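See structure below.
The first chain written gets the first letter, and so on, giving A, B and C; residue counts start at 1 in each chain.
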Amino acid sequence: MNFDPLTFLGQTLALLLLAPLLSGCIKNWKAKLQNRRGPRPWQVYFDIAKFLRKDMVISEHASWIFSLAPYVVFLTALLAGLMVPMISAPAPLRLFGGVLAVIGLLALGRFFLALSGLDPASAFGGMGSSREMTISAIAEPAMMLAIFTVAITAGSTDLSQIAQSTQSATWKLLNPAHVLAFAAMFVVLLAETGRIPVDNPATHLELTMIHEAMLLEYSGRYLAFMEWGAAIKQLVLMTLLVNVFFPVGLAGPQASAAALGISLVAYLVKLLALSAVVVIVETTNAKMRLFRVPDLLSTAFVLAALAMLSTFLFG
Amino acid sequence: MFVQDTLLNRLKRGCETMAYPKGAAPALPDRHGGALRVDAARCDAKCGACVTVCPTEAIARPAGKPVALDLGRCIFCAECVTVCPTKAITRTGDHRMAVRRREDLVLGDASKEQVRLAQALDEKLRRLFGRSLRLRQVSAAGCNACEADTNVLGTIGWDLGRFGIQFVASPRHADGLLITGPVSKNMELALKKTYAAVPDPKIVIAVGACAIAGGPFIGHPQHHNGTSALLPVDLYIPGCPPHPLTILDGLLRLLGRLDEPTGIR
Amino acid sequence: MMESSAILLTFTLWVYVAGMAGALLFQRAERLANAVGFGLAALGGACGVVFSVSSLAAGQGMTITPVTLWSGPIPGVRFVVEADALSCFFVLVVSLVGLAISVFSLGYVRTYYGRKNVGVMACVFNALLLVTTLVFIAGNLWMFLIAWELMALLAYGMVSFEHEDRETRQAGVLFFIMSHLDAACVLLGFLVLAQAAGGFSFASFRGIGASLSPQQRDVAFVLFVFGFGIKAGIVPLHIWLPVAHPVAPSNISALMSGVLIKTGIYGLVRVCFEFLGPPPMWWGASLLAVGTVSAVLGVLYALMEHDLKRLLAYHSIENIGIILMGLGASLMFLHTGHAVLASLALIAGLYHTINHATFKALLFLGAGAVLHATHTRNMEEMGGLAKRMRWTALFFLVGAVAISALPPLNGFVSEWLTYQSLLHGFGTTTSLVRLMFPLGGAMLALTGALAAACFVKAFGITFLAQPRSDHARDAHEASLPMLIGQGVLTAACVFLGLFPTVFLKLLDPITLQLTGHQLSQQLTMANGLVLSGVAAQGGTVSTLGIMLMFGCLLPVPLALWAVFARKARTRIAPTWDCGQRALTPHMEYTATGFSKPLRMIFKALFRPRREVQREYDFSPYFATTLRFESHMEEVFLTRIYRPVNYGLLRLSRRLRALQAGSLQAYLIYIFVTLVALLLFAL
């Protein structure tokens, strides 16, 4: 078992530090497209640092689930991130899980997040939990079908293997199956990270919240862990999308320092490009009514099914 | 295509946020006179014109002093300015009015012609909130003018978010309350519960004449005459309603984010 | 069977018999009957576990020799017992679950003291365990069918235990009818085989499918799927399951859901993999399709329930669907000649069988504890139990995480294996059929996510927030035997989740016998830490590794706490209610409200109808009474079973015309029949 503590630590640090920055970048770019200056990209660091230092207020009706959930959300997001290749193809924990484990871990985090929404006996939290579980349930088939398409082409559910197999033939990147699967996964990304048109991450109206509604009762360091965990989850899903579908420049195992450097630059460029697309989608769309979201996710499912069909037709 | 048009339009318009505080503050409108200034030395001992004309009884002639103008009760109608024969009360056109202590709003003493502006929070709180402040707005039975002017701070011209200040829905996520309105008896429970729901350390900001001292509703049995009756207030921003610039100035002053030295002018 | 294991098995069976006798003997002394009956059942279960684990672990050392249990005066009627690898696996399932339920029952049946005959329940419980074990180890048709029938009768008796309730009586009757329908189909299927084999022993049935004509094999397959399918509860043959499981006493529900429906799976595996010979493609494909439909529909109906036990019953349908997906895929791989993949799919199906048995029984026992404490099955009246029933809540949470297929528990492992087999299935054939694999995978993902949603609802509404009724407010923790019973199953779930590579070794003899391959070596990596798929580089997972990594990464948030938040205090305060006077339990989210979005999304399936009635004095905006009713159409009842029923009744009414009542008419019938037979014979 080739477990490299250096890459493990490095990727952990990268996940922890890059996630809030990415969140902040997206907020900043959205603001710029709204013709205002917006908060600085590193504003989220200050927010998290402040929440960590504040006192906490906990509901009298909440049980131990409320206190456990922030740790579960934070750790599952971090663990899932360690299974996804960021800069070098063999992810630090690739042996412990591939794409199915990543999806499973994120689902575990979501399970406890939803429970913590119901725990304080607040109707807002219940609403958030109900909507979050509904949307993630409808998004799952599209995600799984898109993942299956790439996994079938690569012959494995190991993410590093999929990335390397896609890398080996660059023409594959424009393969219709590949593009359709990417489109489906992009829609699923919007749903899973709670972005417009599925959920509004900046809303302060309780009736339009989904993710925020479940966090309504959290304060202090628990809130910091929840927000940080959500940011890490977003980073993990975006990394999954860029490195699995466009592993251009991804360094292989035992790569030289130069190759790692190129890989890092390529990764950041791809990440920022994907963030730019997300920002454009958020700026040019309005949040959908909750009961229209299944239509959107069914479209994603159809795209993924078309991707599967074209894998079938064109080998 | 819709997307293309939107993007091109937005990119063409560019950044519309004002340069303040790194640049000059936008000019106050003509009707808004800015803060008032009281030169008690000019005051005529037998004249009481300003006292009778003030609709909220903000001006008094206490024993031993010529005149005392409580900016916290003032609704800035400027009737006293019009009626004063000696021009003892004048408008300065200065938007800066926020104070930390209630007594700093009472003008008229020597060396208290103008408002003693707010000092920043203490070191510990400034380190905590200086770069990231989240406020929960509580609208406690006012006319909503203060809420409207606070809301303006979120528009693209003002963009409160660039300072790390944000309004949030849940008091658990908040670092303090921003209260407007005279706090009616009906809103007493809600206000107290909101305050209790905010985790420590927390601050309270009272915006507008109503929240400071009851405004036009002062003395009404159904009101508490402002926030101080129920909660400890950290920042008072007078006005009826205060100009967004006043509110912004107050917030930044509290967090120590303004470059100019604060204090007495 | 080796000597020692044969002795152990015999001992187990006799312990059950002793339990039956003891319980009946002491039925007047309730506590003694309880202790003796369920105590001996627990002992029998423990022995069964030891027997099956040791037999499976012995691996290739297992020689299968049929043993005649009883050979009576009637010629040709013998009861033969034969415990091969597959039987031992299912005996493990029944014994493990039986052990836990017996321990649980020691505490649970105390609610029946003075009301009902506990001795009879203990006796029938032991008898159920005995005949179920006999079903699994049956070596010939007589043993199998008699044990099958006894199982149905005893289960009927237990379902109707609280027969004072009309609902219970009706549920029992429905269960009885469906059981006999399935016994009839199974009997007909076996008769087709017996006709070709010329005998009734299972040894003679092995591979008999090769000597049948394809039509006969297809007919037999359809009969078996119907028969075993009714027992297992696949859609559309499932209507008895959500009716019978909730009304039975909770320990019986756990046994039924955990074990009895697995007899259907056992039957299907036995006939499809051993008796019917090489399967054509459509067998596996139809099982995969039926499994997928059952899984999705099962979980969708479960989401709409607010009766805790009905919800769990529908989840059994879902999980049986998942097991069938694995089995169907395995049959398809056998057809295309990919024996290794067939083994993988079979392992996935069997692993899910034992996983479902453990976590479903755990959940039913938890529901039983909740029912015991709050006297209601309705989730809308529960709440706040996590603070009043701490251990039960913890065990139920483990069960909920397991059934939602979340890492690192056992549901995740078996679904991971199922996904792997579906993934590799795409490359096994070039026909259109291979699209079923990824579509099946997508539907499996849908059911997993819906199951998670359903258990957030089930756990959240039942245990979290404020109590919604006085019953819930006054709830108390379950007694110690009930907690131990749940604890045993929780430990089993955790073990099966964290150590799959250890458990896979036990499945080796089964796959060796049925598909000719042993896979545990191939599926294990890194000294048993990591579970891998069949292809080299095919993807790996390690639930134990994930748990270890949780431990390794836990210092990160703890360090953040230590560095930043050491001086932060925590204050307990009321929930934020927007400044209202008080937050009452009426303002919490309800189970019906939780699943409303899904009800709206799938309204084509559910066809919900709602009725609102409002009474008011002077203005409709100030109603004095509000009545809300919401129905869902029971699709299978109204569109399949009732039309079939009415059709049959109409037909029989027409045929009644034959019963003219006149002697002359009957004489003519006999005459005509005789003439026809003579002509036919000639």
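Criterion: a residue touches a chain if its C-beta (ideal position, glycine included) is under 8 Å from a C-beta of that chain, and two chains touch if they have at least 3 such contacts.
Just so it is clear, the structure is predicted and the values come from calculations on it, not from any experiment.
Taken pairwise by the contact criterion, the protein chains are fully connected, each one touching every other.
By number of C-beta pairs in contact, chains A-C lead all other pairings.
Closest chain to the protein centre (all Cα atoms averaged), using per-chain Cα means: A. In this assembly, the C-alpha centroid of chain A lies 35 Å from the C-alpha centroid of chain C. Centroids built from CA atoms put chain B at 42 Å from chain A. Remark: chain B and chain C have CA centroids separated by 67 Å (rounded to whole angstrom).
In chain B, the positions touching at least two other chains are 170, 172, 197, 199-200. Under the contact definition stated at the top, the residues of chain A that touch 2 or more other chains are 49, 53-57, 216-217, 220.
Of all residues in chain C, those touching 2 or more other chains are 569, 571, 573-574, 576-577, listed in ascending order. Chain A makes touch with chain C in their complex at residues 1, 12, 16, 49, 52-65, 70-71, 74-75, 78-79, 82, 93-101, 103-105, 107-108, 110-111, 114-115, 118-123, 125-127, 129-131, 133-134, 136-145, 148-149, 151-152, 155-158, 161, 216-217, 220-221, 224-225, 290-291, 294, 301, 304-305, 308-309, 312.
Against chain C, in their complex, chain B makes its touches with residues 170-172, 187, 189-191, 193-194, 196-197, 199-200. Interface residues of chain C facing chain B in the complex, by the touch rule stated above, are 569, 571, 573-574, 576-581.
Only residues 383-384, 386-387, 393, 397, 401, 404-407, 412, 416, 419-420, 423, 426-427, 432, 434-435, 438-439, 441-446, 448-450, 452-453, 455-457, 459-461, 463-466, 525-526, 529-530, 533, 535, 537-542, 545-546, 549-550, 553-554, 556-557, 560-561, 564-565, 568-577, 583, 585, 587-589, 593-598, 600-601 of chain C touch chain A when the two sit together in their complex. The touching residues of chain A, counted against chain B in their complex, run 31-40, 43, 46-47, 49-50, 53-57, 204-206, 209, 212, 215-220, 223, 280, 283-284.
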